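Please go over the structures that come below.
Next come two complexes, and both contain chain A; in the first it sits with chain B, in the second with chain C.
And now, the complex of A and B:
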């Protein structure tokens, strides 16, 4: 009886501490990004100075620009690849389907650093230059498993009788796809795009290996700054990034909730 | 004719991902394997050919401890993550009721926040003049700031912070799939809550626990920013070693050999995981 009471307390206590552990650092970061002084202990007054400095930092500006370009490009490409693969797996008969799925999910399970080394060595070997091309390619590789899994899960829930009904009504293959399949999959496709954009924007390990001179993405820029010492500029930048990410998550979740409610009715 | 057209469509759908898998996954990994068998001339340039030099060098006393260290840190991180992640998953699955959706969403928020920002927030907290030291000295609990950055526990904190959501999600998925009637049945048969947990809930959640372990252990071996930023760069693990060999020493063959060893290690772990999973499924079927 006593043992079960200890076990009964262990679960809620660890849960509470776990959530404190997850959010305390972020809360501290956000609060002290508005501190006038450099200290992360003593509050010396409210100020937006660190925001002004972060936004005026040349390195961070450039990093943000590189990251945004790569995130948009790689999100579009990896969504196209993931979606076509998902449609093939769900809607089309072809041999070695399981092997194909495993191949697409492999980059998620294999250590990212090994994939990154592969990209770097292959680039050196082929004589190409490191830059936007290699960054986009590397980010596509690490985000395709996510776009594939998301769209495949949504496509698996589609009723195959919808296609039959459309065909009975005289629609041909292309029309069925454009007017039935695509609209139904659109929420999943958009979530996949957004998610892979976030993955690319946050990516660190792959970027370390495949970014070239002049194409340093934001996380690498932040890492370089952190290695030389903390500056409150990073707190300000972090707060802005947290804001953007939370907004993106709410968009995805809101969409997801809407679909759940929509199908519930 | 019609059949032919259908095949063309299938091929067109498969083409982009196959091209990607060949260009960005298969060829690069093969090139890494090829380079790991290449030699180096006295200027450090790569000499193509077949030699085991790099692998022999890896098993010298200079490098062996790094492998042991990486496996230790990965195993330790996995243990810490599961010990803390399991009760959280359990709470969300069985105790949270209608708030479970909210708790899951909250869990995902830090997961999507820029990794570097998350690390910098821990540097803010654990620094010598950081928030934790400030609070403890202010409260009179300690006189001198404690050194936290650069210690082993700080690395563990970073690992836990990086991998906790990844641990909770698969365990939660396994727990929430358990048929509640099984637990009622255990209760009816006179099992106490502890016994019901160990004999019903825990065995049924094992596939989730194993997935969580896989998702922590494999990436933990390759992590390198955490030991540098929070560990003070003192504990060298496979991730740092690969980065150093490639980006600082430009020793491609040796770096490739370390990567191949890591690829083999993680493949062995993944195959082992699939085997275990199949065995578990057979046992429950």
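And now, the complex of A and C:
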């Protein structure tokens, strides 16, 4: 009897421990962002000071600005490339289609550090300066497999008869894209854009190699600050980043749920 | 659309659609080439309800898709109202298609679906509204104008697909198995409704189906197709009552077929030998003595009692009997080994037979169809 009761508790206990392991560090980080003292271990009282300090930190402001610019640009470029490639693969016949698809997804399985070193070597070889250009290019390289996969999955569910129906009603290629393909793929395209922006914003490995002087993105800026000492300022920043990311993911999920409900699948 | 053109033959006599030696080969690397459509030539008159009938894979849908412009012919010409459109893409042809899967735009309302063709052709907004409303009235779906396709039943979606095509006032409307996904009752209703609509609008309808009953009820003329070739073109009565081709005879309704050999030919009458029986039949076909051919008889044309002195007679034995309400169906094994099906009205005196009983089968010679074997496949 007793043994079976313990056995019955096994699953809930393991589950709870798993979640504690996942979220305890985040909870601690959020709690100590409101600590009045300098310590990230000893609680001395509630305060919002570290938020004020974090928002007023020149380095963090600059890092946030760089990260935001790179995230927006790389997300737009990555989505454009991913969408075009996905439509080509789904809608047009061409030789070596599978090879082309696999090569596009390859950055997903290659170690990012190898890609990053490759980007750096290519940059040096081409004589370009490290900066926004190399950052955006590097982030596009990392995120393009994701945008390609998301849009391809959505495009594969499109009924090819819709294109024929539109052509039959007198629409030429451009009109078919603007009036049928694009509206139907829009939820997937928006999801892909948001996801690639998050990937860019969080990126560390690629950024370490291809950021230049004066274009240090936020994650690297934070890492640099750790070297001079851990203060709740970083906790405060971390809390704000969690907030932004959760909001973005909720937006993606919201759109996704809406399309799922809309198509009745 | 709003103006009801009465169905009348085109004064110019110019066919709405003309196919000249049209071929389609999908896999051009294969030798010999596998023809999906094999040197097809025919004319479809303006205002006609024309049906391509055949089993799946016979090339009927491919033919329709070539007329619509979704496929380009490998060889041959397609003329719409006298103009060669072989090289024109679908969006530049004055045809519209109703798809089996409806292919309504899921992101647009019913109204916007119907207005799609007018919008891409930049028809002024005010005119668009009137024409969309008239098209929706035509299919009795105006109440659903604001709804999304996913909120409609299959039959309703098919009506919207019809309205979306007809609103463009096409010279030819192409229908690709449009009722294939509907249940039987709804299909019957839609058949009558669409036929009535075609009569009223006077638009040329080209219809593709594998359902012989559907083809017979709706069409002015039917082209029976198999293996990429048109076997016979005729009106429904001709297709059913005067099949000239072995495939057509076997595909439309039930048919008993016997292999035969021509013995003698004289002044439009041939004498043939089939199942050890000599038969004299009238025909216009080129059948020299010694040639193989096929004779065909409908199960309902056969009886067990001689009605007239020159009826053909075959001897056989009853193998099985099935009661089907108004009729009885018998399977008869002839002495020469061939199986024949006989359908007899229960009201007839000769209707009840025992299994194993020896019988004579009679058929009036006017009900025996003589088919040439040249395209037996």
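One rule holds for everything that comes next: the second predicted complex is superposed on the first by the 247 of 265 C-alpha atoms of A that agree within 3 Å, B and C clash if a C-alpha of one lies under 4 Å from a C-alpha of the other, contacts with A are read in each partner's own complex, and residues count from 1 in each chain.
Basically, a residue touches a chain if its C-beta (ideal position, glycine included) is under 8 Å from a C-beta of that chain, and two chains touch if they have at least 3 such contacts.
Note that the structure is a prediction, hence the values are computed from the model and not measured.
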item: Chain B versus chain C as contact partner of A:9, first or second or both or neither; value: neither
item: First, second, both or neither for A:110, with chain B first and chain C second; value: first
item: Chain touching more of chain A, residue-wise (chain B, chain C); value: B
item: Touching partner for A:208 - first (chain B), second (chain C), both, neither; value: first
item: Partner chain(s) touched by A:52 [first = chain B, second = chain C, both, neither]; value: neither
item: First (chain B), second (chain C), both or neither touched by A:159; value: second
item: Chain B versus chain C as contact partner of A:128, first or second or both or neither; value: neither
item: Contact residues of chain A, present in both the chain B and the chain C interface; value: none
item: Contact set on chain C toward chain A in their complex; value: 68-70, 89-92, 95-97, 99, 101, 103-107, 116-117, 119-121, 150, 164-165, 168
item: In the complex, chain B residues that touch chain A; value: 6, 9-10, 12-17, 20-21, 23-25, 27-29, 31-32, 35, 84-85, 87-88, 90-92, 95, 103, 105-110, 112-125, 127, 129-131, 133-135, 138, 160-161, 164, 192-194, 197, 214, 218-219, 221-222, 224-225, 228-229, 238-239, 242-243, 246-247, 252, 255-256, 259, 262-263, 266-267, 270
item: Touching residues (chain side chain A, partner chain C) in the complex; value: 159, 161-162, 164-172, 175, 179-180, 183-184, 262-264
item: Touching residues on chain A, where the partner in the complex is chain B; value: 1, 3-4, 7-8, 10-12, 14-15, 18-19, 21-26, 28-29, 32, 39-42, 80-82, 84-85, 87-88, 92-94, 100, 103-104, 106-107, 109-115, 117-122, 124-125, 137-138, 140-141, 144, 148, 173, 198, 201-202, 204-205, 208-209, 218-219, 222-223, 226-227, 230, 234-235, 237-238, 241-242, 245-246, 248-249, 253
